[in-house]
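All chains are identified by letter, namely A, B, C and D, in their written order; residue positions are counted from 1 within each chain.
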């Protein structure tokens, strides 16, 4: 295990930024921290970096307790959401800065800086100052500095959020590969579930200062342990339905009957059923457990897919389908969700596993 | 609408320039012409007044003295204000929201009140009539001002810049001198400008704390008024020369002046 | 401290402060609003306007003395030329007018510079939105420029308030606080008592009162101006 | 409400433009019909904000005309054009309450107080801000402030066009969904002509009936989201829209057909011989199917994006992306590809190669 938190918490005055977290991140892999704004991603990263000290608990890196060790003495790199570069230095000097501090000779340093600049397509701008660069180039400079340093731990705090959409797409693909060769443990914070999925590796979902789940990205996505994780990892938002257990099985709001597959027995009466927008289908098949009729409020079309916003009872749902569908508002639609795509949560919002 | 827009500043500038013009005008006149007739420009153009100033050591040493203590003051003020402003911009502590107000209370007390204690203090420790004495006394109101201006500029630099440097491995002094100071160079320029300005224009303390050796130019001029009668031409020439350093400084920091105030925290 | 002389000086001081604030602040705001926003005009305006701030205070006094003298000064000659019986060394009214004019000349630029800086920090989108909303120039001033200038305006007000209490050198050099005591403000009176008559006891007491008057005025002003910001 | 026509519009920020490069906008001809929802899409610096500011009257064009319906408004100031604009960062009058903010444009137009109140209340309800009307605007969150900016436009009945300049930049991803669908619902209710500027393809495509794609000061394509997706007229559009964008494969022309990596690619149309040899084959990842026979390809990597997967494959030294739904079985190393002929296009010097007439 590379980076570990033991009973970590962080409080600033009365505000809890991080609530009691135990976590060990896998070494040498790409880890994504996923959660909405103010869910504690940045606070956690600052504790990882040693920029802030935890209120309780400890941070361990490579088997050593690093709590309280000065930032300068930890071999790490960090890239922020804002474009942070040293304004008085050229791109070359910016990238070279951590190496200069390590007292590398010019001949050792130059090839590394040039290689880093090349990987991030900065070679033509080596002599410019940061304020003479576009936003994308500034952020590439910051990333190159983190890459070249050869740090054991690389922290990327929403580095792509202020960039143009297409540029973001491009860097999103490059980043995991760029850092894969360095052997560093990378932590990447984002608010976008889609980004987490694209980045692959491992994901830790966060909500209200807690890490709700950590594991391989696809496992967390497909088998969230609780409602908070499922919500954090869904874009468009997770569709939700309240259920009650009756003598016959489960019953939804408005007397809706469902053919739920057998779930492990949990001694509670109230449940929440969650299903992702792309699992809410408008064509049925044999495995469907839920059939209902919703009313279209708005349809959004991207050219290849449609987001159909629906109203069912008091709930606002979204169906995300492949293909273009022009549906007028007010139209009634038959909707289907299949059994394998249902997530059932108990009254404590914990996932109820299906019976094997 | 368009016409009024340039008219107001223009009229104002003309108003500002009139007394200055009159001063310059006089400085090129002979005393006889000044007292003898009223002319809008010098009829007998002369640079004699200036020659007198540049050849008489009591005159030009006044300039040297003034510039010396102003420079010393600017340096001391900045050296003290830089760390103080850094603390204010990077850390939160009780009452820092009213920083500006508390710093300003220093300016509320009249220099006249301070003149006497300063006089006694410096006399006691043998600093009386030295450049450093004047420079130190001017720190009283210049340091708060410099702290306030610098704090504004420093708050404009994200604290993530500091952190990036620490993460890169910079120690605090390395970061402060290699990265932070260049990053707020404009702010240092503006703060220096204001220190220079207030030290240069202040007279009461400067006069009280000096006697012979380091008499500032302003005091030399007062002497002219009182002892040599109204040597108006000479006085005007000396006055004109006191405007020159200020004009130079203002020209150098012209692009930062507006910014300097805008960033200050209240 | 029931000295009549002190009360007179304090009264004169308050009147003077009120007068110059009433002139300098609106004038400064007005000039800042009409200043060019870009181009070479900005530099010219800033450099020329800042010039009076950089002149040693006794030179300001001396300069105005020369400028205003009825026989050889441009201002004195002009005013007498258009039929005023202008003589600031003899007539208290003209002495006051001259001292106020001198202060306006000397310090309005500070208000201008501060306000100009405040105005520059308003993003274009605000002006564009107000244009689109159909706001008049007065509304733009009232709802956009004034709120955004509030911070710098507070600074300007406080500085001018304090410094007007400090005013000493300029009127002293101009005409020594006269004629009579008509332009003897608080600071001048203080120095007269302290250094002129070596009456250190009363001078010290006066300084303390002076300090508390300024502190009180500033605090009231500061709290009033900042009230909205905190909640 | 009105239609908007741009006639040979050009704009340069330099006073004496010499070359084409001096123009931030190079000749725009365009008509937007009344009550439509339109988007201007392009990367930063493509001229979309310039175009927006020309329409709102904040800039005067160097050449050309702008018509609202039949009326020439080229020289009119913004307040006489009856437009509303929402900027990237929220603009509110800090010292006013939410109510006064919303009422401001109406008071300036001397609307009777009763009617004004009725309208403000209605808009506040639409924006679900009824309970915040008395609050001071300065204390609100960025999202709420942006809603007010929006509301100040919606409250007016005389608006010819409502314009949005990347209005969701400051909004959290989860709130974006809510605000965007709210905006679309409002559009359906109020029916203003709306123009939405963004660099985010999802925002543009989902919002607009018709999207204008801009690139280096020029319009490269105008079309519905479907058209842009299925028939990109230029390789830039193909690349810019869709994520990942269109696969652009080098190809040759031989005996009336496109040849890619030694394979003749079937097209569903007869194309003349292209004028240039700079040819590319364009096909979107969504339109490549896995088949038992066809073009052989090597799998390099499979990215699981949750809802679907992206197969990164290689054919004769060229990389391409293939879309595979959750249900598709992906073989382990090599596979055969089948290009949908309806959605396979040939690009000549970047522009779509089409049959004449």
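The rule is short, and it goes like this: a residue touches a chain if its C-beta (ideal position, glycine included) is under 8 Å from a C-beta of that chain, and two chains touch if they have at least 3 such contacts.
Not measured: the values here are computed from a predicted model.
Peer 1: So how far apart, in whole Å, are chain A and chain C when each is placed at the average of its C-alpha atoms?
Peer 2: Roughly 58 Å separates the two chain centres.
Peer 1: How big is the gap, in whole Å, between where the Cα atoms of chain A centre and where those of chain D centre?
Peer 2: Computed value for the inter-centroid distance: 26 Å.
Peer 1: For chain B and chain C, let me know how many angstrom lie between their CA-based centres, rounded off.
Peer 2: 18
Peer 1: Two or more other chains in contact with one residue: find those residues in chain D.
Peer 2: none
Peer 1: Hey, what residues on chain A touch two or more of the other chains?
Peer 2: Within chain A, no residue touches at least two other chains.
Peer 1: Drawing the touching chains as a network, do you get a line, a ring, a star, a complete graph or other?
Peer 2: Chain contacts: single closed ring, each chain with exactly two partners.
Peer 1: Can you give me every chain pair that touches, using the contact definition above?
Peer 2: Touching chain pairs, listed by label, are A-B, A-D, B-C, C-D.
Peer 1: Using the touch definition up top, name the residues of chain D that touch chain A in the complex.
Peer 2: By the definition above, chain D touches chain A via 43-44, 172-174, 177, 180-181, 184-185, 188, 199-202, 205-207, 225-226, 228-230, 239-245, 284, 286, 303-307, 325.
Peer 1: Name, in rising order, each residue of chain B that touches chain A in their complex.
Peer 2: Against chain A, chain B makes touches at 158, 160-161, 163-171, 174, 179, 182-183, 185.
Peer 1: Can you list the chain B residues touching chain C in their complex?
Peer 2: Going through chain B, the ones touching chain C are 1, 4-9, 12-13, 15-23, 26, 34-35, 38, 40, 98, 100-101, 104-105, 107-113, 115-116, 197, 200-204, 217-218, 221-222, 225, 232, 235-236, 239, 242-243, 245-247, 249-251, 254-255, 257-262, 264, 266.
Peer 1: Please output the residues of chain A touching chain B within their complex, sorted ascending.
Peer 2: Interface residues on chain A, with respect to chain B: 49, 51, 70-72, 76-78, 80, 82, 84, 86-89, 97-98, 101-102, 142, 145, 149.
Peer 1: How about chain C: which of its residues touch chain B in the complex?
Peer 2: Going by the criterion above, the answer is residues 27, 30-31, 34-36, 41, 43, 45-59, 62-64, 66-67, 71-75, 77, 105, 108-109, 113-114, 116-118, 120-121, 137, 151-152, 154-155, 158-159, 162-163, 165-166, 168-169, 173, 186-187, 190-191, 194-195, 200, 207, 210-211, 214-215, 218-219, 222, 226.
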